[in-house]
Amino acid sequence: MVSIFITAFIVGGLICVVGQLLFDVAKLTPAHTLCILVVAGSVLDGLGLYEPFIDFAGAGATIPITSFGNALTHGAMAEAEKHGLIGVVTGMFEVTSSGISSAILFGFIASLIFKSKGKVK
Amino acid sequence: MNKVKSEKAYCKEMEGTHIWKRGLMIFAVVLLSGCSGNDFRIDNSSSEDSTKAEEVFNNDKRLTSAVTVFHENDVIAGITLTTFSRFKKEKIEKELKKRLEEYYPDKDITVSADSKIRMETDKLIQLDNKKNMGKKIDKLKSLIKEET
Amino acid sequence: MVARGLLTFKTTPSIAATGVTAGPLEKKSPFADKFDKVYDDERCGTKTNEHAHAKMMEDACMIALSKVDSVPGDADFLLIGDLVNQMTPSNFAATTVGIPYLGMFSACATSVSSLVMAALLTESGMSTCAIAGASSQHNAVERQFRYPVEYGSQKPATSQWTVTAAGVATVTPYKKGFPSIECATIGCATDLGMTDPLNMGAAMAPAAADTLTRHLTGHGKDVSDYDVIMTGDLGKTGFELYKTLAGNQGFDVSEKFRDAGEEFYGADTAFLSGASGAGCSAAIFFTEVIDKMMAGDYKRVLLIATGALLSPLSFQQGDTIPCIAHAIELTMK
Amino acid sequence: MDEKKYAKLEKEVSPKTPLMRNVIFAFLTGGTICLIGQFVSMFYMTFFDFTERTASNPTVATMIFFAMLLTGFGQYKKIAQFGGAGSAVPITGFGNAVISAAIEHKSEGYVLGVGGNMFKLAGSVILFGVFSAFVVALIKTILVKFGVVSW
């Protein structure tokens, strides 16, 4: 139960290292890097590898953006399992991600209360 | 001047991360000593003999702890796994359930490696009032079903 | 005679006054006490960054006019520009001050291009008092060219910080005791295939080196004729590259070269490669350089403002960054 | 001077990317954010009826709430300059992209500004997340139909 904190730290850190290498070595923009990671999460879930990964690392696997692709794919596949090919399409619309909805909600709240500041430190 | 100043601030920032990290580690260690260790317990308020279950859990090296509750027709076990066995969490859960079902064919058996379930079974064991146990076990079972 | 962008001013128009305003962060600049007005609020008391941008420009114009005891009604031309969408901040500033207005755009080289234009109008006898200058506002420009201000992205050591500043000069026919404009060189747009918008200095350096060479050979001058040769906003990386390129042309780059972008924020490493933006060259040229000329420290200077002619669209479509550099030579007679 | 020669010179003069430093700081920053996430998730498991799997939803929402505070008070970009991908890859970075765009475009009003531009940066992540989920689920469904793999 406790080792999960250590694995969360290490696995989460390592996923970020992959992102940093895509930034610095592959010279990708942040947007490109995040898209690649999301697609990677989605593919890993298709192979059935992402869920065991969450069991192993907890938040280390659910907090990085890769889990976003995993959540969407997981939802779509769950629907597909129930309703076949049609389920893939309907599943796409049924899947909700707390990441998107909370980002929208908090983004709007932030726009109500904050102003941007051009401070360097 | 400015350069020196910013470098100092930078070092401070670095130091900050280390303290933060170390603090978390210490907290983790405290937690570790608090709630794990080789901890295999069984609470039996049914008529069934629970020694077989004890054997199954005690002899499995992939488990670090197991809390099992026998109540009326239900058997619910909250287990914790060694770090790398967590990869095969679902498989281990299924396997243990199957083995228990062999010993207790007429019982409704639930095995979960989820730490929430482990926490709750721990609470169940310490419960003095056994009246609400059935309800609580049903609730746990519904929680586990939510997972998918 | 084919001029090829080389201009000589026989009447040597003068810079009779300057006005420079800057944002709160620019208090960190070692030149901060030379600025005429420094705001405590980055939005200068207005609602939006763009209004603040316009306000800074207006105030700079009013200061530059008041120093020659004039009001906007006395001025003949307003030649200003900035980097934001269709130069709306300058347009709004022009609406408020009400001087006949020509919008100028040479990206960060606008400070010099507008000064050249003002000198030409004065030389032709059509203008007795022209206001020329440029401005930039960090938040407005960052948001236009890069990311939202609060977006967290790791900037490389080559990236520059857009300054919040506006600088204008009042150009009049020759006036004794003031720096006068002797000659100028209009740059050629240069593109050496740089594509990184976070390394603009490297993109602009060849343009600066090209204009420097053309100015010196075209006007028959040498580096030793000047007290200082100052570039606009190359930043640390771009300045190094520019010195290397100029050195390859056989110029002595050891002493007289300075760069406004590199010096703007002093040695503060938080600003990475240094400052950039149309206001950067304008603010330093119209304070540090003009002040030193008035004090007699500098007799002859060459100012080369550099600009990266990119738009958010062009670099997202994968285009290279064409750059421009204009040079102007000021003397103290 | 031609483009190739200049590109070579530019590489020599421009400061090198400190790869080791960036990787280490990304690891520490990203790890710390995930560790905080783990604590938040433990909190939800201990005090509410969430299991490990279901706790991830409220955890993600809470982390984005933290990102909102850090972004609003101008701290997130400092963490990003320090930690690089360590702050961009966790869901807080996604939150930061949405929230910073929302704050920035407030000046154009809530409908055209905030509403229209909120996903200016993060939209691509949603697009590719949804599209790849569709493709992966489709492929898997077809494979299952043909009996190549099972669910």
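In order of appearance the chains are A, B, C and D, and numbering begins at 1 in each one.
By our rule, a contact is a pair of C-beta atoms (placed from the backbone, for glycine too) under 8 Å apart; a residue touches a chain by one contact, two chains touch by 3 or more.
In this text the structure is predicted, and so the values were computed from the model without any measurement.
Participant: Which chain has its C-alpha centre closest to the mean of all protein C-alpha atoms shown?
Facilitator: Looking at where each chain's C-alpha mean falls, the closest to the middle is D.
Participant: So which one's got more C-beta contacts, A-C or A-D?
Facilitator: More contacting C-beta pairs are found at A-D.
Participant: Between chain A and chain C, what distance separates the C-alpha centroids? Give it in angstrom.
Facilitator: That pair's centroid distance is 45 Å.
Participant: How big is the gap, in whole Å, between where the Cα atoms of chain A centre and where those of chain D centre?
Facilitator: So the centroids are 7 Å from each other.
Participant: Quick check: how many Å separate the C-alpha centres of chain B and chain C?
Facilitator: 66
Participant: Just curious, how far off is chain D from chain B if you go by their C-alpha centres, in Å?
Facilitator: 30
Participant: Specify, in ascending order, the residues of chain D that touch 2 or more different other chains.
Facilitator: 17, 22, 28-29, 32, 35, 52-53, 71-72, 74, 78, 83-85, 88, 93, 99-101, 103-105, 121
Participant: Which chain A residues reach two or more other chains?
Facilitator: In chain A, 4-5, 9, 23, 30, 55, 114, 116-117, 119, 121 touch at least two other chains.
Participant: Which chain B residues touch at least two other chains?
Facilitator: 24, 115 - these are the residues of chain B that touch more than one other chain.
Participant: In their shared complex, at which residues does chain C touch chain D?
Facilitator: 47-50, 143, 147-158, 192-194, 199, 202, 206, 237, 240-241, 244-245, 248
Participant: What does chain D use to touch chain B in their complex?
Facilitator: 28-29, 32, 35, 42, 45-46, 49-55, 82
Participant: Which of the residues in chain A end up touching chain C in this complex?
Facilitator: By the definition above, chain A touches chain C via 23, 30, 114, 116-121.
Participant: Once bound in the complex, which stretches of chain D touch chain A?
Facilitator: 17, 19, 22-23, 26-35, 37-41, 52-53, 56-61, 63-65, 67-68, 71-74, 78, 83-86, 88-95, 98-106, 110, 114, 118, 121-122, 124-126, 128-130, 132-134, 136-142, 145, 151
Participant: Mind pulling up the chain B residues that touch chain D in the complex?
Facilitator: For this pair, the touching residues of chain B are 13, 17, 20-21, 24, 114-117, 119, 139, 143-144, 146-147.
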